[in-house]
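Chains: A, B, C and D, in written order; residue numbering restarts at 1 for each.
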């Protein structure tokens, strides 16, 4: 999901499971649970225009259900507070005006308590509709979208508050009890490439079950032969790039990337904190949701931009995969049910993974979103839906790159092989990492 | 006081009254009382670099006592939290690094509760020193400075939170119970000028009692004859300037003021809210600390920049007074004890004033700070003090204008005839207004 | 070609014709001929960082031959002026430092006369090498690149000076004698779509003759069936989009495009000048290289950004073609020798075209570059060359879109079916227009 | 004169000498003579918004005579080119719109030749009026203003083109034949302070002869006793400040000055070029109108901002004089006819001066403008004139500091003891230097 467009719509699907009141309550409770370790101030702060306050995420996801379900189904519905219509509209122009995104952090009112009351108010109304059997058909479809939408915001809630806390020189932890940032002793497998032959492949979702519309239509693509790395790049490997002067040598970088390195003063991934020898792992700490922690050489490198992922790949004599290649490999090697280090693990940070004898390709899911070299465009035949919800289906399809596979902050039930996330090439505050590819030998 | 320099130091004074534990407790309690109507989020927000969060004001004033009193008097003093040394240092370079001013709003930690605990911790330690009789001599001098410093921040706390709340399209009130914004029925006197003859005048503080060093040394100035308006300009009078196209006609404006009008899109004083006929008082509301309120034609106009005050005066065929003229008039007409609509009135907004038969000049004190045409410079012979507290005595003496008389947000005990406040010509978020002057006929 | 990357390198090619002294002299003379109507001041100005002064184009293309041919072949070569190495290096980091691009317009020295002397100096040295038979093998390859490179700068010279002259409220003409902006009475054919069936297509250059490396390797692509418009969109058609409120309705725009419209205040294509009714063709003039001229309803619309091309297409119920689709159509319908309104026509503006009975698709070449919906990325198997010339082969392959077909400012001998031009989505100062496509029915 | 306000108007004066055709021709010819060493490109460039192209200065001063003399006296006057009315209006809003100042460098048309033809056209018309005896009364007054106005632009022409040439890494010279930058062997006198007793002094022009209105009205000021340095600060003395870490120590600086030092990366005066030991005079070169030259330790330091002048003075245990103090000293010690290193010397750079036994205070005039600590405000009773010419008399009287005495780029006949120049505190591109003062002992 991108900073400005967490909402994408599902194409029509014949079968769609799981929109029950229990599921609704579960997803909604999860959002509040994620906010639970935070103070009212923590929930109100906004550290950059691309990030939103936690409180805003909690309110906006509620606004979604209020606007698209309650106001639609209940002609006499009394809105909780009329001003929220503007405050918590993200970018739905047909719904009306929007509070400017960069000023979301100035909304000290409503308070966190009031936002939680707003959630309760809307949840109660939705629960009544469930009990009355009115969440069906189009309403069920919109509720299902709303829940996937909320899961996207759950991930953003974590990445946004991480960015905010990192602006504080005290480096406060989101949760003090996280253990993922201590070495788990796992020894990842040696880097190896798995070959995939040239072929005409089906790309995109088959339409069975929920999916966003940018995953459709399923279509045929001629994918030339390639080889995909068996695991993500680790911190230790990335450190060799730094030690080799990677951030000071323009030959590895896209021109716009090199400009960004200079303008931003980048010399390591985001959240790496250190004043000493940049080539020494002992001289770096990393800021995690558990606070400052030692750099784990065997864990996947994280919080790199597309520019860094691309430069690293070039330095390593490889390249990033296309999103087609990634999806083909995921179909071939992934389990039906994506497994990995998701938000449910409560690590909230990528962790080193043991080599698994029978798994030629590991960690496709979870840990880190994997940058692909594919610009985010519509699939052949893609077209936008009607109405407010479909208002902007394709409107983010320029100047962004596709990422695949989910991260340690993604809900497990949210991800699948065809899922397309997308961010601008300079974005670093997501849990984004690197998987290498090479042309077929 | 200016946004970046609320601290100015007193010159040595032979007699200095009132630094008692009771006074200390009173001033300290007043700061917390002013924050009391606010939520933790309200206290954390920062709407522009020139303004600071309420929480920061509460902590910084405490840091002042901890750094300059406790650390100085108590060799074994345990600081409440080491990180605060950087977080809550405003601009004392000799004390060490400072957290960047524009990022104060990102400090979600420490929480408001922790800051209040910090205050209690420091207050307890200071109280012990009082009880032990150790607040005397230099320590008493520094405590006295610290209390005046805290009073300056009390006013900023109000103006800064007003600016923050005004960024919220809901226009929330700081306090719902303020009445000042309803018409009080007072009928101000007709505008009239009081003559003052040419003469050599003593300007500046005589050294008896507390004063900031920028009020000294007292010195002689040849002040040509002039005439000063008997009261501040009212909203109604200012509305005539707007109705006459004042904001669209460059002839009234300083060149830099005219550029500012265009760049900022000014068309009325700050906090005036209206979409209708700009010449009609009924089409304007004003945002006050009590929320949106009707425009009171008879109340002093407020939240104007120097550029607007100067343009209005030119349009009105008059000019702004010099700070010398203001001080001469205040000496001649002011009571020994400044009286007026100060923060103690709990109006927190300028109010209309009745004509008083025996008072040729009214409202010199309180209601609105009055812009003078005098750039803020050191008096002849002015020199800076030694040490950290005197580190920057004159460092703000460029590109600012002097204002006089205090406002509805100023503590009464803080103001006097020689008090010099100063802000840049474009500043509007203080309670700043206009008093006219003309040359002697 | 893009603003920051007009140089791209040819892949190795078995046969490469035409690098003769006569051809060299012809291309070099053409650059000077294009500068001939301009004064020294005209040649020195720079109106934005993306554009360069004419004088800089004349010098940089010369620097290219001096650096990559003369310095390489002649160990004792005396450089014309040592300082030029930095001044006229565009972005070759391995060659050394570069004068900052935004400051090229501050280089009042060397004068235009000195730059012309620099050209003569280098041309004489190259001519000697030709006569000595030393321009062969690698040297011939580099000279050929240099000439294509110079042709790219010839087009930029025209678009950059057009942008500069348009900043002058007098709207001066580059040449007073241009006639293209008067109606030529041509009646373009009605808009019609030509179908192309699904198929596996060869995309990219076959390696026979000169081509840039971004056109290779030739590779197979499964191209779904589509239909391509028979001609570009006209000013008259685009005016209907404006009249329908196209610039005021977010539903047609990519999110980043809509932001750009608001920030830049766009309400028509670039160089459209008018204060009257935006829906009336008579209320618009267009700035051309011949000065201000009436809007020609039947000429192709020009100077639109990708955002505008994409929004127009959506409004028109169509879409932009992919670059694959464009190339397939060009192969099917284009002549072997691209023909059209190129720079040689000396129209220097797109012109209306008559319907031609036997040409189902017209104006693929010349008049306007046609935006495709394809982001600019490397073809499968693309890799960069060695050495300074190949230093940055792929370094612009992010955040740009591909355009095809050349324009009225492109030399005819420079273009071909596989030629890939690329610019950011917001660029408007090139002669860029719109050809529509739709999915296969 | 300031960057945005070189025009100030004379107060009415009973007697006004010297407006003859010969004088007119002499001043006009001097402008063209100053432009003579420059190419058309040199005359067209603009290096920053505060500076204007040479060509613009030549045209604007001509526009002044055309607009305020010819159009006023000659009802049938045919303007040379209607478009110039907007292009060459600096800031006279009542005359109409103005071309935006930052875009003056984009005006490649009219060419230098056309501007010179414009000058000839207007000069011929004015000469006819002179010969017809029609330049008298108000017309004579306006012509006299126009000539002083042109002299101000002559100085700006030099400082602006110096700034432009300094942006070229080749450091080209304005004139190759200037000798001032070689050491002249002069040994300046030791630094000494001359005492002046407290007294009531007359400040401002007495009204006999030409003066700008900001020099009036003459008025009485009580000036406390002070002592003024006998000569300006030299490069050698300033180097000691640099060697002592002056640019790295916030204690010497105004807060806004310290911010500016950091933001701009200042580490020496403007135009000092060096990479070596900043404390070594041999490691510095200075860019002059004659090109790069060795630093002359005994010459007055130049191209310092007010912030640097003020910081240096504080470091040196002194202060800057007020403009009152400077004027009192100039009256006491200056000759009736200001003498010094003015533009007529053709040094075009400040030079070292010998000690002169009978001159207690030297170099008050010429060499460098001397920063005073006085903000630029109107004198008591100052008021603006009527009409277009007087439109903006006081409109620059905010956020600027007064400088006194003229420089090596000022015409000798332009300066006098009461002359008030003014620039913002951060300006460095004028020939601005430092004279110290201290309080009376």
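Keep this in mind: a residue touches a chain if its C-beta (ideal position, glycine included) is under 8 Å from a C-beta of that chain, and two chains touch if they have at least 3 such contacts.
What you see is a predicted model, and the numbers here were worked out from it, not measured in a lab.
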Steps in the shortest chain-to-chain touch route ending at chain C and beginning at chain A: 1
Most distant chain from chain C, judged by the mean position of its C-alpha atoms: B
Cα-centroid distance, chain C relative to chain D, in whole angstrom: 47
Centre distance in Å when chain A and chain D are each reduced to the mean of their C-alpha atoms: 59
Two or more partner chains touched - positions in chain A: none
Pairs of chains in contact (touch as defined earlier), listed by label: A-B, A-C, B-D, C-D
Residue numbers on chain C that touch chain D, as the complex places them: 39-45, 47, 55, 83, 86-87, 99, 103, 105-109, 111-112, 164-165, 167-170, 172
Chain B to chain D touching residues, read off their complex: 4-5, 91, 93-94, 200, 219-222, 224, 250-251, 253-258, 306-307, 310, 373-375, 377, 380-381, 391-392, 394-399, 401, 425, 439
